[in-house]
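Two complexes come next, and they have one chain in common, subunit A, joined by subunit B in the first and subunit C in the second.
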Partner chain A sequence: MSRIQHKKKVDKIMTALFFGGTAFAVILLVAFIGFVIVQGFGVMTPDMLSFSGSGLGNMLFNTLYLVFLALLFSMLTGVPAGIFLAEYAHQGKVTHWVRMAIETLASLPSIVVGLFGYLAFIVMTGSQWNLFAGSLAVSILTLPLVTSVTEDALRNLPSSYRQGSLGLGASHWQTIWRVLVPACFPRIMTGLIMAAGRGFGEAAALMFTAGMSTDINWNNWDITSASCPLNPFRPGETLALHIWSLRTEALHPNAAQLASVSSAILMVLVVSFSLAARYISWRLDKKMGGTNS
Partner chain B sequence: MTELTTTLTGYAAQVHDDAHSKDEAAAADITQENTFDVKGLNLFYDKTQALKNINMTIKKHEITALIGPSGCGKSTFIKTLNRMNDWIENCRVTGEILFEGRNIYKEVDSLALRYRVGMVFQQPTPFPKSVFENIAYGPRIQGISNKKKLAEIVEESMHQAAVWDELKDRLHESALGLSGGQQQRLCIARTLAARPSVILMDEPTSALDPISTQKIEDLALQLKEKYTIVIVTHSMQQARRISDRTAFFLLGELLEFNNTVDMFTKPANPKTEAYITGRFG
Partner chain C sequence: MNPIEIAVKNAHRDERAARFLITICGIGAALVPFFIGGFLLLKGSDTFLLFGHSLGEFLLSGQWAPSDTAVGGGHVGAAMFLSGSLVTCGLALLISLPLSISTAIFMTEIASPRTRRLIQPAVELFTGIPSVVYGWIGLTVLIPFLRHFFTMPYGFSLLAAGCVLAVMVFPTITTMSADAMAAVPKTWREASYGLGATRWETIARIVIPAARGGIFTGIILGLARALGEALAVAMVIGQMKVFPTSLFLPASTLTTAIASDMGGAMEGGEYSAALWTMALLLFLLSFLFIFVIHRINRASQLKGRS
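And now, the complex of A and B:
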C-alpha cells in the first residue's frame, strides 16, 4: 500500500516538474516578446517607418526580399537533397559521410559562413556587397535544416503510400512526385518556416555579404540599376544587421530608439510569419487528413 | 539491352491502348485460357528459400485462393505475380512465371505488368488525397489527363467496386476520413481504374469487420466475370465461399492445388486435411 502511495507521490512530483519546465519556457517567451514589443513600439514615431532618411522601411523590405531569395535557394537544393537521401541513396558509407557533412554544415558558426560567403561570392566574383550573395550565405545556413526535415518527413510516411502507388504501376519518381512529396508538404513547409526564422534573425553571415548599407530609389524600376528595389545585386542591409550597426557604430541621435523599434518590427515579422505558415500547413493537413468531416 | 528495351516499350504501348479501350475489347484480345503459368518457381531471401519449386496455373475469370499457415509463403508468392518483391533487397527469383504467355521477369516491363496486374493490400492504402484523386491516380500515371475521361473512369470504377452510391457525394473529401471498409473498397476501385485484367488481393479483409468483409467478398464474386482474381486468405471459410480453386501452401511448398469443392471435401494430402479441419495453423 505504501509503495503504491509512494509511486503516486513521485508521479505527482514529476508531473509538477515537467509542467514547471514547460511553463517557464512559455513565460520566458511571452515576457521577452512582450518586453521587446512594448519597448519598441513605445518609442516609435511615424517617420521611423518611412522609406527614406533614417526610416526602417528599406531594411524591412531588404529583410523580406533576402529571406525570400534564401528560401528559394535552400528549397531548390535542400528538398532534392532530402529526397535523394530518403529515397535513392543506399544506406552505406557514402550516405553516412553525406549525412555527417550536412550535420557539420548545420553547426558551422554563421560568422564563418559569412566570411566564406565574402570570399566566394564577393571577392572571387569581384562584386560589391549584394543581396544575392547574402541570400546564398543564409541558404548555406538553412540548407541542412531543409534537407533533414525533408528526409525525415519522407521516411516517416506510412509505407502504404509507397506500396499503393508502386502497386498501380507508378515509377519510383511518379510515386515520389505525385504521392510522397505532396503528403509531406506540410512538414517540408514547417522546415522552410524554421529556415525563414533563421534568415530573419541572421546578422553575422550578412555583414560581409549583403553589406551594411542600402540605397533604394522607389521610383526606379529598372532591374539592372543599382538602386532598383528588386535588383538582387545591390547592397541590402537587413533589419537584424541594422540593429547591430545601430547599437555599435551609429552616430544617429536616436539610434537606441531606432534599434528598439527595429527589434520590435523584426519580432512581429517572425511571429506573424510563423503563425501564417502554421495556419497554411494546418489547412493543408486538414484537407489531406480528412479530419474535416 | 536495347533490344529488350524496345520490346518493353512495345509492350507498354500495347498495354496503354488496352487501358484506353473498353474492358470487353481488352478481354476479347486475350485468347489464352491461363492468366498465369508458374513453372519451377523458387524464391530466396539471401540464403533462405521462401518458395520451393512452385508449379501452378491460374485460370482466367476464376478466383484462386491461396491458403496456409503464417509464413508458408502464400503472401510472398502473390507478390511475385506482379513483381512487388522487386524492392526487397537480396530477394532472388528463379524459374518462370508466364503472364498471358510472356515471362514476367524477362519479357515484360515491370511497370507495364502492374498496369495489367493490380494489387489490393492487407491494410487499405489510400493516399492523402481526395476520393476522386485516389481513383484517378492510376489513369493519371498512365498518362490520361483529360478531365472528362478521368471523371468517366472514376465513376465507372466506383460503380464496379460498389462504392459509388456511398461516396458519390464525398468525391472531394480526403480518402483518409473514410471507414476501413470504405477505404478498402476505394482501393479496389483505384485498382480497377488502372484497367487491369488481374486483381491480386493479399488478405484484403483481415483488417475489416464482418459486414465490410461480406461486401468485399460479394464484390470479388461480381468482379470475376471480368477479371482474374488471386486472393490470399487466412480464413478457410472465405476460401470456401468465394474461390473456384484453392492452393494450400506449407513451408514454402505448394502442397495441394485443386478445385475448391474437392479440396475441402476430399483433400488428397493428409496435411491439407489437418489444416483445413483446423488441427494446426
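And now, the complex of A and C:
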C-alpha cells in the first residue's frame, strides 16, 4: 500500500512542479508584454510621435513602408514557391532538396542575411543604404514562412475542390489559379500577416542595408528625390533599429524614453498583427468546420 | 479552328507557361541560401586564401588583432567569440529547458482543453516579439536587477545574455515539444494508465520517450535561434573582447562582434575578412543544425515504420 501512496505522492509533486513551471513562464511573459506597453505609453508625449526631428513618426512610417515592400517581394516569390512545392513538384530528390534549402533559409541568423544583403544589394550595386535593399533582406527572412504557409494551405484544401474543377475540364493551372488559390487566399493572408509581425521587429538584417538615418521632407512628393517619403531608394531607419541606435549612441537627451516608446509601439504592432492572424484563422477553421460537418 | 479548339490550345499554352514560371520561382527560392552561402564563402575565404591564416588559428587561437588594412599581418583567432557564443547558448538552454518542457507537458498532459487554448496562443505570441525589445528590457530591467542581487562589476554579463536568450528560445522549444507530445497516440497513454501507471509515470516512461525526436528538434531550433541572435545579446553582454571566464563578467559572441565591428571595418581589409569568416561559420552552423534535425526525423520515421 505504501508503494502506491509513494507513487501517488510523486505524481502529485511532479504535477505541482509542471504547474509551477508553466505558471512562472506564462506570468513572466504576460508581465513582460504588459510592462513594455505600460512603461512605453506612460512616458509618451505627443511630440515624440511627430513626423520631424527626433519624433518617431518617420521611423514608424519607414517601418510600415519597408514591411509592405518586403511582403510584396516575399509574396511574389514565396507564393509561387509554395504552389510549386504543393502542386508541381514530384516527390523526389529535387523536391527534398528545395524543401531543405528553404528550411535552412528559415534558420539563418538575421545578421548573416543582413551581411549578404549589404554585399549583394549595396556594395555590388554601388548604391547607398536604402529601404529597397532593406526590404529585400527582410523578404529573404519572411520567404520561408510565406512558402510553407502557402504549401500547407494548398495541401489542406478538400480534394473535392481540385476534382470538381478538373472534372469540369479545367487545366491544372486554371484549377490552381481560379479555384485553389482563391480558396486558400485567407490562409495565405494569415501567413503574410504573421510575416509582417516578423518584419516589424527585424533590426539585425537592416543595420547594413536600410541604414541608420532618415531624412525625409513631407512636402516633397517627387518620387525621384532623396527626401521624398515614398522613394524606396533612400536610407530609412526603422523603429526596431532606432531602439538599437538609441542604446548605443544616445543621441537624444530623452533617449531612454524614446526607446521605451518605440518598444511599446513595436509591441502593439506585433501583438495586434499576431492576434489578427489568429482571429482570421480561427474564423476560418470555424467556417470550414461548419460547412464540412 | 473553332472557339473550343482555340480555348484548349490557349489553356495548354498557359499551362506550360505557368508550370515553367512556378518552377523557376520554386527553384529560385531554393537557390537563395546557396547564393548566401556562396557569397559568404567568397568573402570569408579571404582570411585563409588572401591573408594566409590557418583554420586552426581562426578556430582555436585567442589572439584577436586583425589589421584594418588590405595588407594583413594581424591575428584572427576567433576562439573567444566562438566560446562566448557556445557558453551563452548553453546557458540559455540550461535556463529555458526545464521551463519549456514543463510548460509543454502541462499544456498537453495536464491542462484542460480550455486552459490549453489560453496558454498556447500566449506562448506562440512570444515568438514574434522583436529581439531588440527583449534587448531593451534586458538592458533597463534585467541588468539593474542582476546588479542588485549579485556582486558584479558592470551588470553586463554572460548571465544577462543567457537570461535574455532563454526567454527568446522558450516559445520555440515549448511549441515544438508540445506538438510532438500531442502527436503521441492516445491509445499508448490509455494502455499505460490501464496497467496502473500514474500520470507522472505515463509522462516519464511513455510520452517523453515517444516525443523525443520532436523535443530534440525543438531544442536544436532553439539553439539555432540563440546562436544567431545578435542585437539583443549585444545590448546586455557588454561586448568585452575576452574569453568567457565568469558568468558575471562581460564577454563577446560571434554575432555581437559582427554587429558592432562590421560597420567600421574597411571593405577588403583583413578585419572585415575575419568578420566575414565568422559569418560563414554561423551559416555553416545553422546548416549543420538543419541537417541534424533531418537526421533525427528520418531516424524516428524509420523507427516508427519497423
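The working rule: the second predicted complex is superposed on the first by the 242 of 293 C-alpha atoms of A that agree within 3 Å, B and C clash if a C-alpha of one lies under 4 Å from a C-alpha of the other, contacts with A are read in each partner's own complex, and residues count from 1 in each chain.
As a working rule, contacts are C-beta pairs under 8 Å (C-beta built on N, C-alpha and C of every residue); 3 or more make two chains touch, one makes a residue touch a chain.
None of the values given here were measured: they were computed from a predicted structure.
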| item | value |
| --- | --- |
| Contacts of A:G42 with subunit B and subunit C, given as first, second, both or neither | neither |
| Which superposed partner A:Q174 touches (first subunit B, second subunit C, both, neither) | both |
| First, second, both or neither for A:L85, with subunit B first and subunit C second | second |
| Touching partner for A:G34 - first (subunit B), second (subunit C), both, neither | neither |
| Which of subunit B and subunit C A:G21 touches, first, second, both or neither | second |
| First (subunit B), second (subunit C), both or neither touched by A:W97 | second |
| First, second, both or neither for A:G164, with subunit B first and subunit C second | first |
| Superposition-derived comparison: subunit B or subunit C, residues of subunit A touched | C |
| Touching both subunit B and subunit C, residues of subunit A | 170-171, 174 |
| Parts of subunit A lying in touch with subunit C, wherever the complex brings them together | 7-8, 10-11, 14-15, 17-22, 24-26, 28-30, 32-33, 35-36, 77-78, 80-81, 83-85, 87-89, 94, 97-98, 100-105, 107-113, 115-116, 119-120, 123, 140, 143, 147, 170-174, 176-177, 194, 197-198, 200-204, 207-208, 240-241, 243-244, 247, 256, 259-260, 263, 266-267, 270-271, 273-275, 278 |
| Subunit C residues within the subunit A interface of the complex | 11-12, 14-15, 18-19, 21-23, 25-36, 39-40, 43, 98-100, 102-103, 105-107, 109-111, 119, 121-126, 128-133, 135-137, 139-141, 167, 170, 174, 198-201, 203, 221, 224-225, 227-231, 235, 255, 258-259, 262-263, 267, 276, 279, 282-283, 286-287, 289-290, 293-294 |
| Residue numbers on subunit A that touch subunit B, as the complex places them | 160-161, 163-171, 174, 178-179, 182-183, 287-293 |
| Contacting residues of subunit B [partner subunit A, same complex] | 82, 84, 87, 111-115, 118-119, 121, 123-129, 137-138, 140-142, 173-178, 187, 190-191, 194 |
